[in-house]
Amino acid sequence: MTAAMATLEQSPSGKTSGLKAQLRRAERLRKIKAVALIAPLAIFLIIIFVIPIGNMLWRSIDNTELQQVMPVTAAMVQEWDGSDLPNEAVFASFAHEIRDSRSGGGLGRIGRRLNYEDPTFRTLLTNTIRHLPAEADSWTLALQEISPRWGETSTWLAIQRAAPATTDRYLLASVDLKRNDAGKIEAVEQNQRIYQSVFKRTLLIAGGVTLICLFLGFPLAYLLATLPTGTSNLLLIFVLLPFWTSLLVRTAAWIVMLQSGGLVNTGLIMSGIIDTPIQLVFNRIGVFFAMVHILLPFMVLPLYSVMKGVSPSYQRAAVSLGAHPFAAFWQVYVPQTISGIAAGTILVFIMAIGYYITPALVGGPSDQMVSYYVAYYTNTTNNWGMAAALGSLLLLATLLLYLIYHKLVNQKQLVRS
Amino acid sequence: MQPGAEMEPLVRFSGVQKTYDGENLVVKDLNLTIHKGEFVTLLGPSGSGKTTCLMMLAGFEVPTSGDIFLGQQRLNTLPPHKRNIGMVFQNYALFPHMTVEENLLYPLKTRKMPKQLAREKVDRILSIIKLDDFAKRRPTQLSGGQQQRVALARALVFEPNLVLMDEPLGALDKQLREHMQLEIKHLHQQLGLTVVFVTHDQTEALTMSDRVAVFNDGVIQQIDSPQALYEYPANAFVAQFIGENNTLTGRVKTVDGDFCQVQFGEGLGTRASKSLTLNAGDPTQLSIRPERVRLNGASQSLPNRYRTTLHEFVYLGDHLRLRCELAGNDQFYVKVPVSELCPSLAVGDQIDIGWRDEDVRALNAV
Amino acid sequence: MTKTTQPKAARRIINTTLLTAGLALSAGAHAFTVISFGGASGDAMQEAYYSPFTEKSGVRVTAGDYNGEFARIRAMVETGNISWDVVEVESPELARGCFEGLFVPIDWERLGIKDQVIPEAVTECGVGIMVWSTVLAYDADRLPRAPESWADFWNVEEFPGMRGLRRGAKYTLEAALMADGVPADEVYDVLATAEGVDRAFAKLDELQAHIQWWEAGAQPPQWLVAGDVVMSSAYNGRIAAAQEEGRNLQITWNGSVYDLDYWTIIEGSKHVDTAYDFIRLASQAETQSVYSSRIPYGPVNPDAIALLSDKQAAQMPTHADNLVGALAMNTEFWVDHGEELEQRFNSWASR
């Protein structure tokens, strides 16, 4: 072998570089193969995941409605200083562009956008378009004749706010803030405030559900991991059984179970424990019941898979070293399941934080989480800006929490087992 | 073994039985005394009941009947964490989420030992096992041998009355295993430990132990010093299990004190040292170690000589094994140092072999 | 069939299918197409409107349905590829589409039915089809007497128990103002002022602890039957369906908020004349009564009520008795102010 090494060392440099080239070629082929193997997934992820999320992030600051429908007016109104009425050129371009906007749905888009600035704007635009003359010597006067509001700077200030390509109004509104007429950020009126408490509530409910799942799931997973394989497989099927029915059906079943005339209340009344039905659904209790039930398997499965790999000899070792069996469990067994606890809690928490349909069905208005309002803005009001802003903040909050969590767990170096 | 402490009994099994299913006894009527400072190995094939005995001693299994004593204390109802018995597990069971130091401190913490004292003890044991520099490492960052030493140290650091080892060297490669065998042996002598060691490896048992208890079928077949076990196996199972062995079946013709005359094969006979219960006319199993069989020239002066056919050479470096046929047994091995072998020997040759009377044991036939 | 003939037969079938599809497609470009929401209502329309129209005019109606996807209409108009002629829309979509110019403005002179239908059916771009209503429904077996108004709905002393309301500002704020004594015809004037909105929310504060909020139209009758609530706002069609199942659910029409579905003609349709004829026929008392006898949605033509049985007539939101104290939904108001009022409602409700 030493002889072989000697020859290699003595070989001329030209030969070595040939070898390197060969190695590179071989490596390149391997790389191409690896890329080819991963490409379908990567493309899938980009189409299904990266692009939509990027799109969502963009929509939370997108303000291009006016620029698209009224490019000239949008550009001109941005240069206006806002102190006096805009000049005739602005009025004229506005009059021409609003007439053209009626075809192709553009009017609807700017109508919706401008209505966010002032709820009467759409009516104003309808009126204006209806009475717009074909020709006018002074569009400034012609528009003011249709509605005196075209003579107010506040009307044009609203258009000015809608003119830039991006806006922070949706993101600000998502945390109960807004810009006043002077452009300063301030809190929205007391009776319009909602999202700060909704975000707090979302974290609280998700955290509560996660803790309950951990509390209920840990003993169950421990039982599954310590039972003989045959029995534990059977029980595991029961754990997975809920997955065989749809989320909606399970949620609806909880309503049937928990409502005033439902199984639980009827049972309690019949057994004489209570006299009048207790409110178990359409409030926080119902939300916890249904969400814990649905998310429990996501806690049990990671815990089970980690526990299955923890040898019982660790606990025996601790006991033989003088630890009470309970202390042995707590000091030696539990720390070794940390990676399972970490996986289970983060999984359940992240799933819970995005829950929508279950709280919507079994919760009251004060139990709705962020996703509910995302769905509300998407489905009911078509306000994509708000939906995207709330979604982006939720995404940000999730990522932030995950980072903190990751750091905490890593710091304790408990993850590896 | 420490002289003077020799005869003080520490562990006593008295009529212990164990069954898991209520039908088959895993351990049958076990009576065993282990003295203070002794290194006792429980040796046997898997399923022979040796590990069950160890687990009953550690407290992880409860005897179905009978008593176990540690010193004057009856152990049966004492929970394992109060027994003060150190244990080394098969896969070490080092806590992966703790450093070496924390692993070693663990038994001292459970005993609420003052921190300063505990630290001193840990430092001392670390230096004994020569792992001073590894205190802050995690078990997964150590080699197999190092992990083994830490596991050992953890079982010793709280100075237990008794140390149990459950096949602790099974996961190591051959060389490391032999090295660790010696190291454990030295620790035993150095610290005056009482050790109960479980293994299925007879070499390990012979190397390390003061006494070896050979288990089979839930019963101790023989308990004796390694040498006695090897030289004077009590029965055919022990003879087979300990070391290599050639077996010939025959019948006792006459008995003469500790010896007897045995007839075997077709008209062959030998004098042999006999086991206690054998009488004239009994069937017997002759047991001869391969290294005690002499070849050709060296056999000329021996009382028992036979002619055999050489079937095969097996080269093993320091020695050779010759497979011969004797009295219908074609698995009869002769072990010869390489230097003593005549180079002209070839497969198919007729060779003479022989043995001394005291090197062949006539055992009860099984 | 043998193996050798199978491919030939299959090819023949495929050819035939393609040919038929092609014919259908090319015919579709010319055929008069009416799109509704389908379902039970669509079946009733077939019997009440489509068949008589074909019989009378000889024009075949290609009937289709959709789920109210507004984007589809918008795409059709924007690309100029118009395959629908008359489409049923709900009032918010009517307002939006009319604003965006997706619908042909209705020439009421030409249609000539302005005086036959209720005023709410007459709009710039749409002609009312039928009326549905959000009503106060209750379980007559659980209440000491019939509640007569939203004021009774708010009266938790005389009528103890939970109440169901739709989770949202729409309908809820109207009900609150009516409960506070605002006459039906002034509700939207009051609601258009900041004080009016405050007044509505203040009234809701009184009842908040007794409200169980529903979101799906199926929930109120279910809760009423199960006893979770004693009264609830509800869609009249749902209550009528529950009544047919033998439940003693009753409706208080006073203070009901009614809304309409509308026929619209898609901008760019090549069958505007036919569309006018169709809509005219569909607005007649005879055809409307056939529709309403099949499904409890009120006819926009009040004369149709007289053609129904008494029992059916009493279920109609547009029955003269039921219109007393009823409020017409102001879609324009909600299109403009919906966003801020809904946000304020959400803010209030989640407190």
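The first chain written gets the first letter, and so on, giving A, B and C; residue counts start at 1 in each chain.
Note that a residue touches a chain if its C-beta (ideal position, glycine included) is under 8 Å from a C-beta of that chain, and two chains touch if they have at least 3 such contacts.
All of these numbers come straight from a predicted model, not from anything done at the bench.
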Chain separated most widely from subunit C, comparing mean CA positions: B
Most central chain, Cα average position: A
Between subunit B and subunit C, centroid-to-centroid distance (C-alpha), Å: 91
For subunit A paired with subunit B, centre-to-centre distance based on mean C-alpha positions, whole Å: 65
Interchain centroid distance [CA atoms averaged], subunit A/subunit C, Å: 34
Sites on subunit C at which at least two other chains make contact: none
Subunit A - residues contacting subunit B, complex: 311, 313-314, 316-325, 327-328, 331-332, 335-336, 338, 413-414, 416-417
Subunit A to subunit C touching residues, read off their complex: 102-105, 107-108, 111, 115-116, 119-120, 122-123, 125-126, 191-194, 197-198, 201, 259-262, 282, 360-361, 364-366, 368, 373, 376, 380-381, 383
Touch list for subunit B against partner subunit A, complex: 58-60, 79-87, 89-91, 93, 95-97, 106-107, 110-111, 140, 154-155, 158
In the complex, subunit C residues that touch subunit A: 74, 77-78, 96, 99-102, 162, 167, 201, 212-213, 215, 223, 226-228, 332, 335-340, 342-344, 346-351
